Amino acid sequence: MTVKNIGVGMLGYAFMGKAHSYAFKNMPLFFWPPPAVPELVSIFGRTDSKVAEAAQNFGFKKYTTDWHEVIEDKEVEIIDNCLPNDMHHDISIEAIEAGKHVICEKPLAMNSRQAKEMWDVARKNSVKSMVAFNYRFVPAVGLAREIVRSERLGRIYHFRARYLQQWLRNPNTPLVWRLDKEKAGSGPIGDLGSHVFDIIRFVMGEVKAVTAISKTFVKERPLPTDKMKKGKVSVEDAFESIVEFENGATGTVEASRMATGRKNYNNFEINGEKGSIEFDMERLNELRFYSEEGDVSTIGWNNILVTESVHPFVSHYWPSGHVIGWGDTFVNEIYHFMDVVVNDKRVDPIGATFEDGYKNNVILDAIIQSTLTGKKTPIVF
Amino acid sequence: MTVKNIGVGMLGYAFMGKAHSYAFKNMPLFFWPPPAVPELVSIFGRTDSKVAEAAQNFGFKKYTTDWHEVIEDKEVEIIDNCLPNDMHHDISIEAIEAGKHVICEKPLAMNSRQAKEMWDVARKNSVKSMVAFNYRFVPAVGLAREIVRSERLGRIYHFRARYLQQWLRNPNTPLVWRLDKEKAGSGPIGDLGSHVFDIIRFVMGEVKAVTAISKTFVKERPLPTDKMKKGKVSVEDAFESIVEFENGATGTVEASRMATGRKNYNNFEINGEKGSIEFDMERLNELRFYSEEGDVSTIGWNNILVTESVHPFVSHYWPSGHVIGWGDTFVNEIYHFMDVVVNDKRVDPIGATFEDGYKNNVILDAIIQSTLTGKKTPIVF
Amino acid sequence: MTVKNIGVGMLGYAFMGKAHSYAFKNMPLFFWPPPAVPELVSIFGRTDSKVAEAAQNFGFKKYTTDWHEVIEDKEVEIIDNCLPNDMHHDISIEAIEAGKHVICEKPLAMNSRQAKEMWDVARKNSVKSMVAFNYRFVPAVGLAREIVRSERLGRIYHFRARYLQQWLRNPNTPLVWRLDKEKAGSGPIGDLGSHVFDIIRFVMGEVKAVTAISKTFVKERPLPTDKMKKGKVSVEDAFESIVEFENGATGTVEASRMATGRKNYNNFEINGEKGSIEFDMERLNELRFYSEEGDVSTIGWNNILVTESVHPFVSHYWPSGHVIGWGDTFVNEIYHFMDVVVNDKRVDPIGATFEDGYKNNVILDAIIQSTLTGKKTPIVF
Amino acid sequence: MTVKNIGVGMLGYAFMGKAHSYAFKNMPLFFWPPPAVPELVSIFGRTDSKVAEAAQNFGFKKYTTDWHEVIEDKEVEIIDNCLPNDMHHDISIEAIEAGKHVICEKPLAMNSRQAKEMWDVARKNSVKSMVAFNYRFVPAVGLAREIVRSERLGRIYHFRARYLQQWLRNPNTPLVWRLDKEKAGSGPIGDLGSHVFDIIRFVMGEVKAVTAISKTFVKERPLPTDKMKKGKVSVEDAFESIVEFENGATGTVEASRMATGRKNYNNFEINGEKGSIEFDMERLNELRFYSEEGDVSTIGWNNILVTESVHPFVSHYWPSGHVIGWGDTFVNEIYHFMDVVVNDKRVDPIGATFEDGYKNNVILDAIIQSTLTGKKTPIVF
């Protein structure tokens, strides 16, 4: 069997760089025969010694501290932008304009204005572009979407989400780049909230208006470079919002990095007239589904172990009951993107387009605006 | 052993009338020796045949369709007001002024103005008065309060609550009195939200400001008397709110009667710097507690079966692991009130005074006001 | 409405005496109109001061330290035998022969020979007799039985049960009467195992053979009267058994009082060709049901909150989602027995007859025999 | 950084071949710098077209239908034997004698006699050999072992395990090789029981005696090649056993492939004097731990999300709360073996030696013997 290769250039080697590299390496193993075999051509990072080691660790042939080199590399057909949020806009646009297919980490941009420019560039170019909202590729989230679309829930009344982490609960945790507004754009609004709002649009539909507050509980933290000195935290530690949806549903979306005991608790619940759904990312192989179908005496919350071959992506992995890990959501994502690239398919509705990324940024901007004005803010795309 | 009797007059024979009667009957069995033995003297209801049967069913000696008779009855020392919300104010005041001790169902009044008048009357009279917020008497909720007060959670960052029921999910469910603003005052704001805000004040402290929306999903429903005709629903089906607390914490409070699959899901979570708590009324014998104390490799969410003799009220029931029911929370409540009455103790902080009831109504009013103005509403007592 | 009274005589005032008294008091409240109103006539106990107080606490008119007086009491129509196991045989027989209806606590007798005699007496007399296996009256257990009988599980492959408690885990826990073979007959075999084997026969059918071991981990314990001295434990601390069923299923039954963390963990699981069931007494309001019916992508373990009016006994209690307690299983049981007595109905199949009690004792004897011989022991009634 | 390569030869390309190949590919990514980089040299399978495709899919340079070629291949230093059970003995011995390090899938052999010969060969040769009991490499299982060894449970009273699957529940499921005694040796005794008994020895210690039954519920099944014909099932569908341990504990071990609803439910529970542990492979990132340490009012079952850097192997993966999958247990296992090979370390106690494999087979033989004799069978190594 002959499978063609596609060259990949990776930007960034930290958390997301590792996760995406894992995905490129493993996609052909699970999705056999793959649309193409990713060839790990080149990786960019700012620190020479570190990117050199990352290249070896992740299996890239070349490395560089100049990202232009990756974009210009003739062996590279796909650019995977895993850089911090402030490096999404310029670099992704340059890559697209250089004729490369682009995957860009979420949130797409620092704000909706930037995102709009990226989307504009993307749609004027024939290359494929996708925002790396990997939770669309969790089998249980895909199943949730299928259930909602099958109308087994009936009219939707509520959507609620809490994306909770705990890594800033201690006031002595140092001031890392994610707490710097210049680099990160925002705190959990962009980092965690962007995931939630993408899941909402993926599973259920559009947001109509938001009302929000945010709070920075710990206003100063030790500097990573000198723990005796403190620096100012310029992003929020948490936000709470009330959300109204186009379909008439109402609910809340919250995210925090101060929720002790919650490690990666991306929890959402949907209530419809005929049924409900609940999901928690810490148990990503499970979906809880309540349905009024069937015998009335045995209705309940059905804990579905989403490891059957009928479930999204699962047939490519292990037998029933053998769970996948968080990293495997990226394998599914990379498979989808390479299938899109090689077979000239649509990124959406399974993947998130730059249009989706823009609309996501519009919602995030509205959240921030509402926290500033104290008023309900309509979503206007 | 000689235990004195105290005469009880019950107003109302429906859901709460049954629950409170159960409590009066069983209190001496569990809390032996009891402060006094309740003597079920008289019960009031509007329909003669029904109240006659209720008297027999619940064990009251007399019944009447005129509530003045109960208040004036010389054998009656305690009035238990389980009537609909619009009958709390006048009747409770009359009872207090007649020198009776009064327990009044929640919410205390139709609004904070009414509640203020009730509190004013209560404090000017020497009788005991309590609002029947029975969730204070759930052992797990009492344990939650003890944990928060012991400072094992450290600084509190978040409080979140969802009180979800499903009984109105079907648009054909008829227009009962709870959907009539004249009788009920409000929908889940008063019915469910009042419980949540009392738990907040019991466990954690005061609310500083609220921002809220509410929604009536099904605007017309069949009349109970003639299902071919429809009547207007005049209360909300659900509300969502953002809550800011005096102690600096932030969170959300939601309640709905449209949450399919949630039967009596009074769920709250508190996140502090050093630990967290989670509770769900459908599993009222359990409390989930996350603490960073102890060996770092075995930290987790600790599911406490709150059936040990060290837990609030539990030593009066069964051996470890033998769970109590929802009805037993009322037994604890009635014990507390009779102990207060007989031994001239304080209603608070374990029980809710009319002052607590008033403050609760102030918060409910602020929720309603915010739903009307679309603005954050400060809590001013 | 006229409801007749039936006089009740209670033997024993400890744990079970309290539970049964609770049930008699509350039955008419929940099961209205009741078949008859229990009149608490007389209670027997060995210690005068204690039984005097119990009479007052539980609401009995008279008390005595001579149980013959209770049996001979003309006001007494029902004898409730809550005495230790070694007092079941003689006293229950005397009560039946005196023309009283008899409820007897489980296990029915010290051994199957005794139980056979009791059954023989019972069937020769026209009074009603029942063994107080209260777990038949847990709504979730009743629902489990209905599911099995409806054939929604198909052919049954397995039944497994673990009834685990922890109250003897500490070697310094004193040598109470339950550790004395003369009084108790056996340890968890009779105390916990009898419950499990009754549930098996109630839900699924007959046992064909058992193979078992038992173990006493702590062979001597402090005397309750003098903690400096130790006495010999003469019953087992735990047993494990392999069970083969008449219907072809296989499984295990275990019970222990040394299972730290398990308070009243009466857990069983049934696996059939088309579905499975799981139950845990610490969450007695829930039943887990796995069914292959319906859409293949949403099959899972369905957690049923057994608080709907369609569930056994539930319509007599509270609205959906308002859970009952362990004590309420006795209310259901007493209702059933009084309905049987007043309306001349059959005790079985809902309640356990003395025949059921005898068959239960036969299985317990076989377990004990197998622990002695080390061999598989067939069940022969 | 220079990391040396080690050549790997894979025998088998089915379920385990895929899992092990995944592990070899990913070990260096996670365990960086790795002890050596596995070079996927050659893979053997019986069907030419299939092994050719597997080589490409998994990334092996060469393939063959003659396993001698893999063993003789000079580039190959490690042989990974993922073949059916009847091909473990001869081929593993040949590989060891050819000077190759050997990983062999479990159970080590068809019976303890074969396993003894394999162990004898292994200890006479200087190469490293390991049985691929991958559940030792589940972080939660490693944590369970650490807790037991730290004596935080105190004296151990009980160990119970249920390894339940459902894939044979339907009588029409065809007669695959795993149902053929000639190829598989046994049914769930060897397939699932071997895992459980290895976990027992890894976490807790030796088995002293077993008493067991087994059952084949469906005695004939359709042939895979011709579904109109049926063939005889020659292995058991399920077994139940009572187990006594060297440390004095007692318990049960069960396994079944007929347990509808249980997909890969490898569940065990340990009860000690001071605490207990529970694990379920379907939630492999979690461990439930009950400890009597700390404040008595907050003792409970602690659900540990085993994704912290302090937990075994976890620091090599993702941040806290980002779960790993079943496949990753093999990555840990392969890391361990390559570390052992390259750095001349001991396989045990973390990995399972051929001695462990032999002792495991002795227990399996005793289980089978007990099912035949109906008697308790002592474990004699």
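Assorted remarks:
Per-chain numbering from 1; labels A, B, C and D assigned in written order.
Assume contacts are C-beta pairs under 8 Å (C-beta built on N, C-alpha and C of every residue); 3 or more make two chains touch, one makes a residue touch a chain.
This one's a predicted model, so the numbers in the text were calculated from it and none came from an experiment.
When the interfaces B-C and A-C are ranked by C-beta pairs in contact, the top one is B-C. Although chain C and chain D share one sequence, what matters here is the overlap of their interface residues, and that overlap exceeds half of the numbers used. Between the CA-based centres of chain B and chain C the separation comes to 35 Å, rounded to the whole angstrom. Centre-to-centre separation between chain C and chain D, using Cα means, comes to 42 Å.
The geometric centre of chain A is 54 Å away from that of chain C, both derived from CA atoms.
The set of chain A residues that touch two or more partner chains comprises 262, 301, 305. By the touch criterion given at the top, residues 1, 3, 15, 18-19, 21-22, 25-26, 28-29, 32-33, 53, 56-59, 165-167, 262-265, 281-285, 305, 307, 317-328 of chain A touch chain D in their complex.
Interface residues of chain B, counted against chain D in their complex, comprise 143, 146-147, 152, 287, 289, 291, 293-294, 296-305, 308, 310-311. Chain C contributes residues 153, 155, 157-158, 160, 162, 164, 169-171, 211-213, 215, 217, 237-238, 240-242, 244, 248, 250-252, 254, 256, 258-262, 271-276, 290, 292, 301, 374-376 to its touches with chain D in the complex.
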